[in-house]
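Please go over the structures that come below.
Below are two complexes that have chain A in common, paired first with chain B and then with chain C.
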Partner chain A sequence: MRRGILFIALLAAFVAGPAAAQTAGHFYNVDKEVRFEGTVREIVLEPRYKGTAPFLVLRVEEAGQARTVSVEISPSWFFGEDVHGGEKVKGIGSLSEAADGTRTIIARELQIRGKVHTLRDKRGFPGWQGGSRGRRGPRRFGIS
Partner chain B sequence: MMTKTMKRLVPLLLAAAVSAQGGTVYLSFDQHSTQNLFQTREAVSEQISAFSLALEHEISALSLLANVEYSAFRQTDGLSFLAADIGLDYMVPSGARSAFYFAAGGAGAFYSRDYAAFSSLGASFLGAFKTYLAPSSILKLQWQGAYASYRDALFDFINHTASLSIDKYFPTRTTFKVDAEYGYKYFLHPFLPEPVEAAAGSSGTAVMGAGPGGGMGSGSGSGSGSGWGGQRYEGGSGFIPRYSATGGGAGIGHATVSFLAAQGLGDVVGLSASAVKQWIVSGENPFMSIEEFYFVRNPSADSFSWEGHQLTGRVTLNIPWSVEIKAGYTYSDKSYPGVESRSLDGLPLGLVRNDLRHLFEARLDKNFRRLTLFVSYAHIDNDSTDPLFAWKSGYIMGGFQWNLPSGRKGGLS
Partner chain C sequence: MKRRSVFLFFVLPFLGVFVFFTLSSVLSQADLKRRTETLVRDQLAATAGILRTTVARYLDEGTAPGVVLDTLFAEEQLYFVALLDGSRNVLAWNSRFEGYLPISLTEVRDEVTGIIDSPAGKIFSELKLLSTGDGRRYYLYLGYALTGMEEMIALSRRTAVLLAALILLAGGLFFRGLYTLQSRYVVKAREAEAERQEKERFREISAFTSGVAHEIKNPLNSLALLFELLDRRASPDMKGDLNLGKAQVRTIARIVDRFSNVVKAVQPAVEDLALDSILISAAGNLAAEVPGAASRIRLEPAPGVRLSGDRDLLGLALLNILKNAVEASPEAPIVAGGRRIGNKVEILVRDGGPGLPAEAAGRVFEPFYTTKEKGMGIGLYLTKRIIEAHGGTIAVHSREGQGTEFRIELPGA
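The block that comes next holds the complex of A and B.
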């Protein structure tokens, strides 16, 4: 039991650790929410925000249109989910358009293989940190 | 003791959760009901309540996590345990379509009384690489290693697993996936020192708790003090260790191949079928008759203990209102090299233990924004060359998980 208490103390020290780094960058604008639907054509990892891991970004060819939009998902999805080119996706997100015409959607909700994944809450706050559905990879450290 | 620990632990964890600014806190509660806790013919019904608190925090590409859970057993109180783990992981991109992933962690499980021998501390490491060979095809390589030290050193082990998988998605919504794996588990000192009786020409085995020196100590100062031999367990019939004059360890290695085919039908239905074939390529299980060991560390959950094959069919329904229903059937034929089948009187039957299992399972999940509710049912029909392990039973589980961001990140939100 002494070992257990030591472990707990270590755990407490760990969780009381550093606060989240504040970052700057583009943001989720609820006034620019759109629905999107299309076919995944390319899957890439791209740096999106200072001080965070690169994000999984899907290049989606929009249904019935010959244009592509970049859909920003989250860092953890690269290892947490296997998204393939050719898969149909749809969802809700905040649209922004760069001066060169490049269109990007920060996804709040993504439906793939019939399952709806909530990536952010209705105000756009990220919900993809952790959780059994959102964790990056094999996050349990079992000793079996 | 466990209640005292919890009383100390809960305020500490809540304080820690509040201080984990920018991270996410997960609270979950699972309620289990089983008609056959130990999975033997001598069924023991049990109600298990499991509580867990997890914290996760991301700093750049580094993620930190901590998890504490307590499982309370209503009937078999000695099995109630506290488990905790901490860890970190790190993702390193390698170009736009590839990334490395590294994780390290420590874990502990703490039992009391009769089951204290199974209390353990451990560490694990994982390295993985994922790359898109083409947008519709993924290659993954992974290596994982683990070490666990038990209060009773007999069970101490190290293991490692290396695996490779390739999949391919087709526009017909069909996915094929092939996996290959090699794993090796090494028990560091699973043998008891050879007793005088055994050295003098006995059969080389003795029932723990039933013979001279029946305590569990193997020179490690371990055991519960009162001996934890099999007769004390419900459904148990004795722990029969192997002896060795020279000591040393024992390893068991396996090679596995598996194949999966999945088919999507519209946005609602998903079908999958998979087959697994596993061979023991070196060594064998070091414990001859291992009811007690396998009550707590169940062989069907230990990928290192068996050879044979397994076939699974599954259907997934994603219906409106964020409801997901899964149902499946698994047939498995598994042998446990090194493990003897014994009669109900404890006499060797001269057969390696072999189990044929039919598993039916169904699960329903309902997702809310921050809350997930689930209920599941499983029915297992297990036939075995060891009559103690010939059983059939049902298993019901329900619970929820609630996640709560404890702070907001600027910029991202």
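The block that comes next holds the complex of A and C.
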């Protein structure tokens, strides 16, 4: 089952190709934290930051609304949970909206099948960076 | 030196020095941290000022904000940077951690500096206004890693902890050594005191025994002569009583001789001896002294085992032990044997008697200590003196109900 999901996700990433044009506002903006809840309609892997592994992104149909929001989870290696299309998810994240109306939420917490996954801290520091005090290369949003 | 004195004069001052060191170390750590933080903040504020000037110049030249920030981001200590317009909208940003730009634009005033505690360490952050030559207003938001400062403080803390641990370890080792030496000294002092008391007691006993023997021997000799004279003149019907009297006089003389032997210095005439021959000789003498003993003694042959010693004295010592064993276990057999161990010879004598209570086992070699009704407590004491005069040792192992074993160790030939 898990292998199947991964295959779908990889295929989706291949099909999705480069991400659409992004705005400079796509960072974890603590002023724009929102709660979200909905149903997973699509699972994709997308390059989100320069020099990093592709990110797991869920296309979530928001509950009670007919619109879809992209929920940026984490690098795919960090999120060790099965995700299936049609599953209910909810969580907390920072919402950004591109000029073309594309809505993206950088998730800080994601609840799936009752289990809460903490992806970032309250200021948006990524959990997969751990407590390492090592220096990192630049992670600018967008595709190089 | 008493333990209390060791504590008062050594351990307590050491602990005082250690506590003083720890306190001064903690205080200096706090002071160092405060000074370092101030210094670093000042330096970073100055660096940020330079960066603002650089950014303003780039913007004057018409460079795109994204390109400007890319140029700044070559600086490794810079964790994140953002360029905001006059209305505080983010125009461009860079971060070494995906999406991490910890600024709340609704809360900040025009100019803010602070330190953010992140999982990647402390970050010096600053939001300050900059103006280009043509009057446009921007904000530059910077996040500088304070890892260098943290590493320095951590290194200083580690060094202090290491020093404290070393002082503690050295102190611990020193006092352990001191305690060991002191314990040994106490043990030796106790042994020396016990030996002194033993010698003093022996001197007193010797003086007393010699005096008593001397005082008894003179009238005893007279009594023996008197019995001889009476024997010549006595009628045949009195001969029996007179012989009994003479026998009692001889018994008294023998007892006095034994006491006299005890107080004499033991001076072995050392020669090369076969262990078997001494054991056989001692067993033979015992058989002559105690009827029926020969059948109960089983000698384990030790061919070729030779030792250095005085034949007569060692024979007497073994006789005493065998006699003691025979008397202690009237029914069970006695086993005697020996073997060579390195340059020593070990002799073992085991009986199957009732064994000795722990207190008696610890005192069997004391002079005039005996558990027998008719014993005088001389035999084993004399035996110990003979063995020690040969440079050997003797020990007894006994458990009630499990018999007794004497173990003698003598120099081999």
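Just so we're on the same page, the second predicted complex is superposed on the first by the 97 of 144 C-alpha atoms of A that agree within 3 Å, B and C clash if a C-alpha of one lies under 4 Å from a C-alpha of the other, contacts with A are read in each partner's own complex, and residues count from 1 in each chain.
One rule holds for everything that comes next: a residue touches a chain if its C-beta (ideal position, glycine included) is under 8 Å from a C-beta of that chain, and two chains touch if they have at least 3 such contacts.
No experiment lies behind these values; they were computed from the predicted model shown.
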**OP:** Could you let me know whether more residues of chain A are touched by chain B or by chain C?
**Re:** B
Original post:
Now for A:87: first (chain B), second (chain C), both, or neither, which partner does it touch?
Top reply: first
Original post:
Now for A:124: first (chain B), second (chain C), both, or neither, which partner does it touch?
Top reply: both
Original post:
Should A:54 be classified as contacting the first partner (chain B), the second (chain C), both, or neither?
Top reply: first
Original post:
Should A:42 be classified as contacting the first partner (chain B), the second (chain C), both, or neither?
Top reply: first
Original post:
Which partner does A:102 reach: the first (chain B), the second (chain C), both, or neither?
Top reply: neither
**OP:** Look at A:28 in the shared chain and tell me whether it touches chain B only, chain C only, both, or neither; answer first, second, both or neither.
**Re:** both
Original post:
In the superposed arrangement, what residues of chain A touch both chain B and chain C?
Top reply: 24-25, 27-28, 49, 52, 120-121, 123-126, 129-133, 135-141
Original post:
Okay, in this complex, where on chain A does chain B touch?
Top reply: 1, 3-5, 7-8, 10-12, 14-25, 27-28, 40-46, 49-54, 75-76, 78-79, 82, 84-87, 111, 113-116, 118, 120-127, 129-133, 135-144
Subject >> Parts of chain B lying in touch with chain A, wherever the complex brings them together >> reply: 1, 5, 8-9, 12-13, 15-17, 19-24, 26, 54-61, 63-68, 82, 84-87, 89, 91, 93, 95-99, 101, 103, 105-110, 120-124, 126, 128, 130, 132, 134-138, 144, 146-148, 167, 169-171, 173, 175, 264, 266-270, 297, 301-302, 316, 318, 322, 324, 367, 369-370, 372, 401, 403, 405, 407-413
Original post:
Which of the residues in chain A come into contact with chain C in the complex?
Top reply: 24-31, 48-49, 52, 72, 94, 106, 120-121, 123-126, 129-133, 135-141
Subject >> Complex interface listing, chain C residues touching chain A >> reply: 65-66, 70, 73, 76-77, 82, 89-106, 116, 118-121, 145, 147, 150
